[in-house]
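Each structure below appears as structure tokens.
Shared between the two complexes below is subunit A, which has subunit B as its partner in the first and subunit C in the second.
Take a look at the complex of A and B:
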């Protein structure tokens, strides 16, 4: 199988006027796409690595051009999407109308956020315009390195976030509304499921959407990761870490509506955080990711480090009518009950919010067709920064060229609360440093 | 709750047995064993109230709905409704979709409830809170953390049709209101702030006192007008969520069941009590009047008029329930004052006690309640006219509301201090008299000790009830603050607290009415009285014939002690 990698570093440049190189002056012409790189990579199927992440492909099926809320169910019919999904995922999508659209939106959210968070890094989370799932982020995900950890965590978090949002949008109708009570028999009428659902809403209202988001994310995202290999444990751990951050960033808001509006009666709900905040936190976790190693199988069974994880909602089985879930319920409890051992035994074991990896990152400096890395050729850098976008770091010591360009930018914009109304076009002189 | 009926009938039997003649109240003449039986029965019915809370869901439910953003090509034409499947929708997160669209073209549409459900009238009322998500865009500066919002909100309703489907949306109410939203930008350290969210406060939008219809539809606009400065300081809006809060049908059912059980019980006890009073040859005393009024207000509170909301549109239910609770609390507070006062005042004059004597004490309650009532009328009363109105939005209204609330709070403080002072005096009187007790004959001493014990017992009960109420509401605040994501807990502490505390005050007042009803039992004969005491006692016991207001022998005891 062959594939094309197109890497775009677009500089919004109207025209280059003068380009200043280290060596002297010369004139160059405008270039819209800096560093367009086309490589052809042969793909070797590796069954064990990242097999649970085929679904990433639907990010490209629900292209962001299609931004107006799509009709639920349309995506499900898409044959190209169908191919990337596992059987269980297809079943989930069938049972929950609108779920696939939410997952697709989540995948795009994850890509955007990943690219935002890594815009200044050597690895910039570039994606390929190729819909075969797991290679969306390039072959780097076949290595168990911190970048892979981040990709898994952010996609899992984005699905959780996106599903919860879709629930409040009303585009997934199976988000649960039966809350945590078993209604007394007196009040329940043994009618059809739909009617019972309505009566449940009357009796006890609806539960938070985030619970559904987390449960669906566990079912959908973690579906392939059921082996015992370190890689699968790593994926599971990082997926959980992503979801954990979405849940932990929920903020409680309350309203008092008791007598005269006093707080004798108070109702609280959880507010979903903006995904940018979650992306920031996961990036922090990436920076401090824990290296783990395969450990003796004896330690695998009995470990309590994950026992304080957010408990599994037992109601998932109830909303998804398939009985397989209830059978799996016991299995699932064990699925997340493992403890990873740190590479350096003096470090403390990774908590559930930490990202874990077991292989060191490749350098990302040079082209590596095996891993689908383009290297940092032609990347923009910052000569004054202290961070990783510093030219010395970014260009891996290869040096860089500096161009002074005049950029036409929109400025002095007048905004209304929704839309940009009027902008001037300003010419701004900018120094652009590019890695050679 | 059937148990309550059984207990109640047992109680009535107990009282029928002891229905023979006697001055003083039942409390003093009930033997210790019978008192303990009665207390056990009351405690059991109290326990039943807590247990009822177990089957109930939490009092209120919440649904968060993301507003669909529809494009209205003709914003001037107003008599139309946008529902979720409007012809043109946009996503405000993507700028390129917004080209050529002005803010006045955008309508935020919220269909309530979500997920193809419909409201039930058991859900009683509905409140809506807006969450407006603002993000930073370069070039947009937050001038003032208090953003003034102008909201053009319109509400429509629709009902289910029998053969499926809905009736067309019908106008319910509309208003252009102002709100203030507090926004903070947390990430000052980040270089590129583009796309980072502002942290904005919630905006209460509306409150409906009745949930009569099956479906509601909110069409919200944020009109922009640079001349009138409407929404000019509003930053980039990405999403608007509406959190709608409704009562839970299950809780309403449990609540009404409780009321339907307590109402006949309290009415029966009141009738029995009043009969008891009228069997006496004297006119009812002040405390008896207070008790019957207290019973009456409780009966009014227990009256399950919520049943009517299932058939009639009663938007004033919120206001009415506030008023019912207010009247009950005011009477209960007044009763405590009068009760304490009646057990302390020295009745040398033989004058009839009347409420007039307590005007100073009661005025704090009156002022507090009136200011709360005015506040409530301004807030919930105004909702009858305009569900979108709020007293808190204008600076004048805020000051006014704060004045009323602070005034009520001050009155409560004054009342509480005064009550504590009076209770302290009563207990001081009692302890003084206790030192005199050894000089009395054994029979009388035992009797006085008994009555004193029982009086303190009931005072204790009051303190315990008040304490439990306060503690449980603090606990309630705490548990609600700790929102657990763990759904495995099946019991709902909030509703247990609500039913339990509600039941407790019902049981408390039932107990008061029963124990403080005049007793018909005769004094035990006291042949071994010494002469001096006999003189004193005859002087004392001659008084009730002239001053029939003394309903309690303790009162007479304290009065006698004061004469000494």
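Take a look at the complex of A and C:
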């Protein structure tokens, strides 16, 4: 590593050559830039890295689709699942029947969405079938790079999303009228009048499902992130950002029914975004993720100057200005009351919606067994694209081979009124480029 | 080197997109189905599965021919239980129960006093009894009106009064018809009264039925058969369809639009389908409990309880048709007990007073009252105009087909049909104009503001009508 730092500038200009020549020690341009960060990595290095993400394993443990709803305890009893969960997570699962199924569904949702969002990138969010959850995405989650940030955000968002949906489907019974979990929503901007009315008093079902989803996600997903290191703060922040986006895209609306405009009964529904929308939003945030650095006490004071980003969350702002947190009640909230300092002090401090990272990404070009990176060998690429899936970028200059294959595809589709689409099947010659 | 842009360094500058853009997104058909329709159904299931099952059980039990007293108590207990499970506010529940039970006190007094006069002094003639019950019916009417207005504005919170309004209205209608229909000595006993006002089929969502209709089922319980199941499921599925339109599809298909008329149509159709939903739920409840259209009570295979006729409202021929078909039992009540009573003072006054009293029953809530009174005035003016035109052009465009049409241009002529289509179009416009006021999702927008956005077009049409008539 040291050698790289010393030769930083040399490698920057030479990296292409190195890669092309397939020299013994592999490194690429992005990695070469990391030089200045090494000290921070050293500070944040912690044997508990990624310990909060063990639960990811339940995505692969016992395919959740096979779990019959009549036997809600089955997944809980599964030993391989049991081992990956922390005590608090097991307790939560025990208290809320059906929760574990929802979390497992959420984890799978996260994997699918991550792979969709990164399908054209060098790192394609590949997963391994390890039962130990933290290795699910490979060791990349032990780093502090933007990909790690995205993985954390998308998993916590997916848990929130799927728990809220499970509540509304009725497969988790404890979310109904559970006073313990009820709380005013964190943000209340642009709410319709109908929503404001609902919160004043409880109607049938009292389903604040999204609130429950957020709370469960906080308890379940964030349970391991208790330390004070930058690493844990980063995870917490990204988990919160994931939940923020789910919450921002989900609104409960209700309507009264009864004789002549009375309100004998209410029906409620969700304006819940497709998880794809949340994935897209998080991907945008990934593209604009903020690089942060370990903060000193001076950094906290400086935050007051930046507090213009905070009023979106009055509760957090209140806690920030309130210096004494003796009450136990505040303790939990205090967990989220921190402000990260940007790496470049001229940049805006990260807001609640932003993803943060502190390490630059490894190149993802070549195989790195240490980090569990597959490299881009054999990946398909696009020779005409301007984006990251362009063959020159995807194959990191190694070049690519082109094959011509014959594909059967649906073509000449005509929409018939109403409502089916009729297509022919055509043989199409296609060029497929794969990285060498 | 250029081929590999240093994306991570340039992130900060491109990261912040316009947030407004991100907040909005297009929902797909599947999204609406999953998040709105399914959710609405599941929350509906939570609120109505118990009342519905109770009604079915009660209907099945009743077909075995329950003893009369048991029938009354059973339906009343079911009704009471439904109230307890459905109503959220304890205050509302207390108000409902105490009103329902205490209202028997004046009834009991009337019964006692009248029967005292009857038997004791042997002084009776039909005239006195009738006038007596007429006076008491009027008194009770005013009493109930005062009560509903007081509840709305003074005694209760807005939410609570909104919640109990429907139940109280059904009760008021039942009570007024009870007193007005029966001569005092025949007033019901306590179990009869109790069963009638707490009747499990209509306590929550109506419809109003007369005491005779209630007793018809007691004395001649309907036999349940396959058609019964079919009739109930038909009403339920209709209600489900209308609920999904009201909550979800209306806004999905019409969407947010710059065109105020289209937006108005969206809001109005959401209100109307919401109303059909409740009407069909109430039909399902009544059918499940065993009541059906009173004229077909003895037909085994007839299982319909007409509460509304949505075809005649969605494709209206006139406002009067809308008023009649909006809620048929309620219309019948208003016509029989309010309109007929005021008819001697003049037709317009009677129409106006009927709608005023109807709005008073709604607690004189400002938007509902505006809608109701406008509806009364508009429909009356429409009748006048059409009579006027029908006379002036010798064309058959009256609201009802004339029985022996003497006009030159008959109903089935093309000119007449075109004229009718124009009138239908104006009626649809009126329905949009009035319907937007009832939409809850934009409740905070004032009447003036909403009508201003619609350019007050209904008022202009009515002004035109007025000029035609004058």
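Here is the rule we use: the second predicted complex is superposed on the first by the 282 of 436 C-alpha atoms of A that agree within 3 Å, B and C clash if a C-alpha of one lies under 4 Å from a C-alpha of the other, contacts with A are read in each partner's own complex, and residues count from 1 in each chain.
One rule holds for everything that comes next: a residue touches a chain if its C-beta (ideal position, glycine included) is under 8 Å from a C-beta of that chain, and two chains touch if they have at least 3 such contacts.
Everything quoted here is computed from the prediction, not taken from an experiment.
Trainee: Is A:247 touching the first partner subunit B, the second partner subunit C, both, or neither of them?
Mentor: first
Trainee: Touching A:431, do we find subunit B (first), subunit C (second), both, or neither?
Mentor: In the superposition, A:431 touches no partner, neither subunit B nor subunit C.
Trainee: Quick check for you: in the superposed arrangement, does A:226 touch first (subunit B), second (subunit C), both or neither?
Mentor: neither
Trainee: In the overlaid three-chain picture, which partner chain does A:94 touch, first (subunit B) or second (subunit C), both, or neither?
Mentor: neither
Trainee: Touching A:361, do we find subunit B (first), subunit C (second), both, or neither?
Mentor: second
Trainee: Does the superposition put A:370 against subunit B (first), subunit C (second), both, or neither?
Mentor: neither
Trainee: Which partner chains sit in contact with A:281 here, subunit B, subunit C, both or neither? Use first/second/both/neither.
Mentor: Only subunit C is touched by A:281; subunit B is not.
Trainee: Could you tell me if A:210 is touching subunit B, subunit C, both of them or neither one (first, second, both, neither)?
Mentor: first
Trainee: Thinking of the overlay built on chain A, is A:422 touched by subunit B (first), by subunit C (second), by both, or by neither?
Mentor: neither
Trainee: Identify the overlap between the subunit B-contacting and the subunit C-contacting residues of subunit A.
Mentor: In subunit A, positions 168-170, 197, 201-205, 207, 253, 255, 257, 259-261, 263-271, 273-274, 277 sit in both the subunit B and subunit C interfaces.
Trainee: Within their complex, state which residues of subunit A touch subunit B.
Mentor: 64, 67-69, 116, 165, 168-170, 173, 175, 177, 179-184, 187, 197-198, 201-211, 247, 250, 252-255, 257, 259-261, 263-271, 273-274, 276-277, 310-311, 313-315, 411-413, 415-421
Trainee: If you look only at subunit B, which of its residues touch subunit A in the complex?
Mentor: Answer in residue numbers: 55, 57-66, 68, 84, 88-92, 94-95, 97-99, 101-103, 106, 111, 113-118, 120, 122-123, 127, 129, 131, 133, 135, 137, 139-140, 195-197, 202, 204, 207, 222, 224, 231, 234-237, 241, 243, 245-246, 248-250, 253, 321-322, 325-326, 372, 375-376, 379-380, 473, 476-477, 480-481, 483, 485-490, 492, 498.
Trainee: Quick check: in the complex, which residue numbers of subunit A touch subunit C?
Mentor: Contact set of subunit A toward subunit C: 13, 16, 28-30, 33, 146, 168-170, 190, 192-194, 197, 200-205, 207, 248-249, 253, 255-274, 277, 281, 284-285, 287-291, 344, 347, 354, 360-361, 392-393, 397.
Trainee: Over in the complex, which subunit C residues touch subunit A? Could you list them?
Mentor: 1, 3-4, 6-9, 11-12, 14-17, 22-23, 25, 27-28, 30-31, 35-40, 42-44, 46-48, 86, 88-89, 159, 162-167, 169-170, 204-206, 243, 246-248, 274, 277-278, 281, 327, 330, 362, 365, 368, 438, 440-444
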